[in-house]
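Got a structure here, written out as structure tokens. Questions coming.
Chain naming follows the written order as A, B, C, D, E and F, and within any one chain the residues start at number 1.
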Amino acid sequence: MFLDEIIRRSLEEDLGSGDITTKYLDLEPTIATAFMIAKAEGVIAGAEIAKMVFKTVDPDLKITLYRKDGDSVVKGDEIMRIEGKPSSILQGERTALNFLQRLSGIATKTNRMVKLIEGTKTKLLDTRKTTPLLRSLEKHAVRIGGGFNHRAGLFDMILIKENHIRAAGGITSAINRVKQHNTTYRVEVEVTNAEEVKEAFTVGVDRIMLDNMSLKEIRAAVKAYGKKVEFEVSGGITEDNILAYARTGVDFISSGALTHSYQSLDISLLFKE
Amino acid sequence: MFLDEIIRRSLEEDLGSGDITTKYLDLEPTIATAFMIAKAEGVIAGAEIAKMVFKTVDPDLKITLYRKDGDSVVKGDEIMRIEGKPSSILQGERTALNFLQRLSGIATKTNRMVKLIEGTKTKLLDTRKTTPLLRSLEKHAVRIGGGFNHRAGLFDMILIKENHIRAAGGITSAINRVKQHNTTYRVEVEVTNAEEVKEAFTVGVDRIMLDNMSLKEIRAAVKAYGKKVEFEVSGGITEDNILAYARTGVDFISSGALTHSYQSLDISLLFKE
Amino acid sequence: MFLDEIIRRSLEEDLGSGDITTKYLDLEPTIATAFMIAKAEGVIAGAEIAKMVFKTVDPDLKITLYRKDGDSVVKGDEIMRIEGKPSSILQGERTALNFLQRLSGIATKTNRMVKLIEGTKTKLLDTRKTTPLLRSLEKHAVRIGGGFNHRAGLFDMILIKENHIRAAGGITSAINRVKQHNTTYRVEVEVTNAEEVKEAFTVGVDRIMLDNMSLKEIRAAVKAYGKKVEFEVSGGITEDNILAYARTGVDFISSGALTHSYQSLDISLLFKE
Amino acid sequence: MFLDEIIRRSLEEDLGSGDITTKYLDLEPTIATAFMIAKAEGVIAGAEIAKMVFKTVDPDLKITLYRKDGDSVVKGDEIMRIEGKPSSILQGERTALNFLQRLSGIATKTNRMVKLIEGTKTKLLDTRKTTPLLRSLEKHAVRIGGGFNHRAGLFDMILIKENHIRAAGGITSAINRVKQHNTTYRVEVEVTNAEEVKEAFTVGVDRIMLDNMSLKEIRAAVKAYGKKVEFEVSGGITEDNILAYARTGVDFISSGALTHSYQSLDISLLFKE
Amino acid sequence: MFLDEIIRRSLEEDLGSGDITTKYLDLEPTIATAFMIAKAEGVIAGAEIAKMVFKTVDPDLKITLYRKDGDSVVKGDEIMRIEGKPSSILQGERTALNFLQRLSGIATKTNRMVKLIEGTKTKLLDTRKTTPLLRSLEKHAVRIGGGFNHRAGLFDMILIKENHIRAAGGITSAINRVKQHNTTYRVEVEVTNAEEVKEAFTVGVDRIMLDNMSLKEIRAAVKAYGKKVEFEVSGGITEDNILAYARTGVDFISSGALTHSYQSLDISLLFKE
Amino acid sequence: MFLDEIIRRSLEEDLGSGDITTKYLDLEPTIATAFMIAKAEGVIAGAEIAKMVFKTVDPDLKITLYRKDGDSVVKGDEIMRIEGKPSSILQGERTALNFLQRLSGIATKTNRMVKLIEGTKTKLLDTRKTTPLLRSLEKHAVRIGGGFNHRAGLFDMILIKENHIRAAGGITSAINRVKQHNTTYRVEVEVTNAEEVKEAFTVGVDRIMLDNMSLKEIRAAVKAYGKKVEFEVSGGITEDNILAYARTGVDFISSGALTHSYQSLDISLLFKE
């Protein structure tokens, strides 16, 4: 879905057969001013999307962004200003916040983990463990937080996993089969021990994913082949252990938690007195 | 969107122009068996949806549910069994898990909070702070966890908030305006102090939302009007303080965190040896 | 569907693979002026929708509304003025009229019935007997005519009908089952005799629908419980008997005929000499 | 829209965020049997569509049609039998009836007018004055009632109206312009007096529409050119005057009222004891 | 599909999860100017569509058309000028060209064949052998090239083919069956020999399609009935033989090759130094 | 769009408001058998799609494929057999053929070019010069013909073109900018002379596209760097010169003509006597 369709359908979900509170209040038209205010510290992502939500509800709303994606906020900071009909502001409020808070939550968590490995060569990657229908937005938030994007889906990178390997009769066979057809995509293979690292390296791939291997095994793999192939570590990464993994010298650490277990950033919409 | 469209578009998001790993592996067709296994303790929600994901990818996949929505699992429990072409299983895996893990995460968190207030008369409600496009699924997960659903959107209950009140020139005026047109919906009004509680009660509504009021103020409101109107407490509810709020005797506590800041339940898909 | 999609698809239905008359006439571009003229007496509803139809065909058309929704017209009154390319006007004409005439027909019929019960406390309600895909427009027309809206669909009010009652094992059981889960919606129950009225009242609901009961029975019900529960009369309401029903003192009369058996208001589009 | 999409979206309109009555009743699954019963005399149209509505709600419902499109019914006749889960039957009921009653209403009205002109050579035509989004269904109902279809939209027949004529600088010019491009479509031209009939006939068209002309003028036109060109009468046709128009010997009479001002046929769904 | 939806989805096909080259180049915003340049001789069709593609990508792009549909170009001619952000131009480039080159290819081929039969009374028709989803655009290109449109689909003209005839029990029976219901559409019948021509003419149709008949047979048919019915020749028409067919005096020659086997016109987008 | 939506909308394009020939013939239901017959030599692609078209029109049609994608046919070969209602076969015929003929045309042309370079190491690639909305089908046909797929769109491979280079201030700068963000995609850069080849190689990319360079220059590039980077030749490839280009030792030759200027394979549907 294009972004405007995501926004439109999200509004449809909330508005359904009509905002009955506003309809039955039947107020005289007036102009009000409201502000999005940060209630906690974090990194903003989704500001433009929140703006689009309001403009979709009512093109006459005037939106001023005080913070753009990637900016840091502390409690009390004004993120954006919305001016126009109160009923329009209230109809967009919840949907705009539902996007902005979630995406800022992802950017904030990503940024925290990226800072933990600053100074190492390791890049933090996201995964496909994203919210259904919102993947491109969540991957945008990861970039905003300082992370890098792994593949966007099953369609833009080849990742040979354990089960592919078994079905193909081994690592060597799986990689060779893929090479016969592929002219466009990077090839990554998932391995679980030193022997498999060696086999994958020998037959030739772009990247080797070390799945749930010990720090010691990872260091050994990097030492043996790290200049000739990329290494990615995956599985069980937390804020507590990420630096240790990064110090093994791997090129990438991928973390599903960036998008599947974050906290929404606390943000409120307040009308000005 | 109907559920089948949500599922279909979620798969479209992941499959895009095609699963290139499977396409280029070009394997002989075989039949494999895989299992969804819980990796942590929790309450399952979304089992039927995960099943629908697999059936949408390939109607020939055979799915057996060992756990249904609402069942508890501990680490190691088998949740469902999927049998069929490995490529079909792998194409559905991530999307199925992305639904199942999130919804089970919501059910698990909800269930934990519901248990904390067991024995009180208070019911735990969700809010509209849900993931855009997935609200009906997330509200289903709340029910599965033992919570109750607040309104589904702006269209099915009237909730007069602070800003409506200001625009209408006061609580009494706002409620009366709404009553003039409304024949179908319950009316709730948000108040912030004892005086407003009294005004709302006097003009007459179905429910009064006590927004960020102290335990003492809440107890006083319940004592004064609790038999004649419903009370809902909202704002700043955590696992640490929910019981104290419930013991004030309010009818409802609503919590946005149920759907905006949960952890996905850890679940894996494993192929059988 | 959002209103703009309803309009767009309605135009698609009429224009299909293209307006061949205009295409093959291949006229020089000129500017023409046309008027929507009432050919009979009635209440206008759908003026803004008709305007949107023309603007969807051609954003350069200039539309001036002489009558807005709720205004009365008599034969000969100008409702709106459309200025622009004749081909655009002709492409929008039929679709715009198809909306405007139907909705004005509903508003006119509703208004006639509302006037018949003026002075009583009874409100006239619509039903779900609306044209598929056009419900929200038709319910808007009912409001414009002075009626009130019953529920918008199966999703925003609980209405326990005869068959629900039978399946649940009786009125008391049905209502109690619903109360166990419901925290958001008004509950109405359909009854057919005095004994059922009593049972429904005793277990407690927001509204009781008296289905095809005699005027005498209705009066008795209102007398017994009318101050403590809402009553709605349904079934067989006509312009001839509506006042008699209203005089029983019921709160609501609902009429399917408002939307399933009205006459389109006669309106023509005429080009100015 | 394809028929299945019309049905699906109509159900979506009624079901919205879910049938809360059924959801909250939370009944044990049972099997019920219901019947569609005619409450008045008429001609059935839309029986297959009503069936599709139920099958879309729940493919496990078993539908038996006792009457097919075109069959006559009298009060009390069973039209179809629906067997399955009561909740599924109730969720489809209103939408199925909303289609069936409207289309049968059109077929019934059409049939009444067709019978009035039986024995003449004149065929009764519909118009484009149909309900937005439902045109193909309504035109089907007209055929079921014994009428014939005029053009389906602006795309399948050329109809040169008064305003086209003025813009093109006269009847002759308009027809000649169209002939230069057209190789596929019949050409009809609208005229208002004898002189224009002559001009249209002379330059050559397939059909001449006599708009609001007197019976005498119509008879004269038919006498002069009736064997060499088709004549269609349009404007102000009622059940009272249709036979007089038909007796003028015109080929077609077109009536907008067939689809814009009919009464729904009274049909109920009843559960079997 | 409306044109804007065709364009939108075409862009979606190319852009998918995002233009990664532009995204990762992360260039400062600048303004560039590009030109569509003809690399071969031909007739332009689709210029407005190419413009719409660019405006859909970025409404801020400024497009100036130097050639409009129907204009001839030779190698080196500038067709249009695009000014704006280079990333926007590059994102629209391929899709705009994919439309413009194909449609200009059709217009060019059509124009070449039309010129071959100039001076005869025969008109060149297209067929339904068009690219799925793009028929209305391709038929537009045929008109631009000087051809005429045959029916737009199965819905706007009646064409009785060999198999219909067989199923109906003969030409006479098939035509009579159709006449019983049809009041709107021209009727054409496909025949393969002189005897069938006679039968079709006798029962009466608007047009007779002579399918794969010899020049001699065609001439005979035209001589016998050419003043009283239209003739269309179909099957095996090439640039080499089209004039011979036209000289038989038939009204129409239809050619599937116009839309199923053309060459895209060579056009490039070049950025200005 | 998913394949089923492409098919559905293609049928909608052809069927529009209904197949009037079949509707008005109003034939008794019978069962007929038809065959798709090759009228020329070629390689079949799209057989499954043609089957899906027929099944979408009428799930009761029985389709037997005698040839699958990739099979060669000569004139007279039966490709598939369709059995069922004649009206269903006729409604699917043209759309099924429009897919099958185009895709087989692409597979046939691709196969001819692939055979011309057999024995060399060079692989033939397609481009993004595909028909809007049908890219995935056309790229499938290229693979069926023995070619390989270049990127599917702007989203799955990085291709730095001349204009990107200029905007980034040179080849080195452009490549380095991209490398800073990219962790997933292969990087290709377009060059036009030996000096640029050297620069691209030095800064490091996965593939170098030699755009309109002479055979001599290409040979020199391959000799210098061919073992360390992939080379792709693009621009002006024809059946006459492709072998000469392949013999330079480049890895890939890409050809837009495979999808923008092919001839539909001649295939007919014939009903069995």
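For the reader, a short list of remarks on this structure follows.
Just so we're on the same page, a contact is a pair of C-beta atoms (placed from the backbone, for glycine too) under 8 Å apart; a residue touches a chain by one contact, two chains touch by 3 or more.
Predicted model, so just to flag it, every value in this text is computed and none were measured.
Averaging C-alpha coordinates per chain and comparing to chain C, the farthest chain turns out to be F.
Taking B-E and E-F together, the chain pair joined by more C-beta contacts is E-F.
The two sequence copies chain A and chain C touch through a face in which the numbers common to both fall below half of the numbers used overall. Comparing C-D with the candidates A-E, E-F or A-D, the pair whose contacts agree for more than half of the residue-numbered pairs is E-F. Separating the centre of chain A from that of chain F, both taken as means of CA atoms, is a distance of 34 Å. Per-chain Cα centroids separate chain B from chain D by 45 Å. Multi-chain contact residues of chain B (touching two or more other chains) are listed as 16-18, 135-136, 152-153, 155-157, 181, 185. If you draw each protein chain as a dot and join the dots that touch, every dot ends up joined to every other dot.
Across the complex, chain B meets chain D through its residues 2, 135-136, 152-153, 155-156. Those residues of chain A that touch chain D in the complex are listed here as 16-17.
On the side of chain E, the complex with chain D involves touching residues 123, 125, 143, 148-152, 155-157, 181, 183-186, 252. Of all the residues in chain B, the ones that touch chain F in their complex are 8, 12, 16-18. On the chain A side of its complex with chain B, the touching residues are 1, 6, 9-10, 13-27, 30, 32, 86, 90-91, 94-95, 97-99, 101-102, 105, 128-136, 152-164, 166-168, 174, 177-178, 180-182, 185, 260-264, 271.
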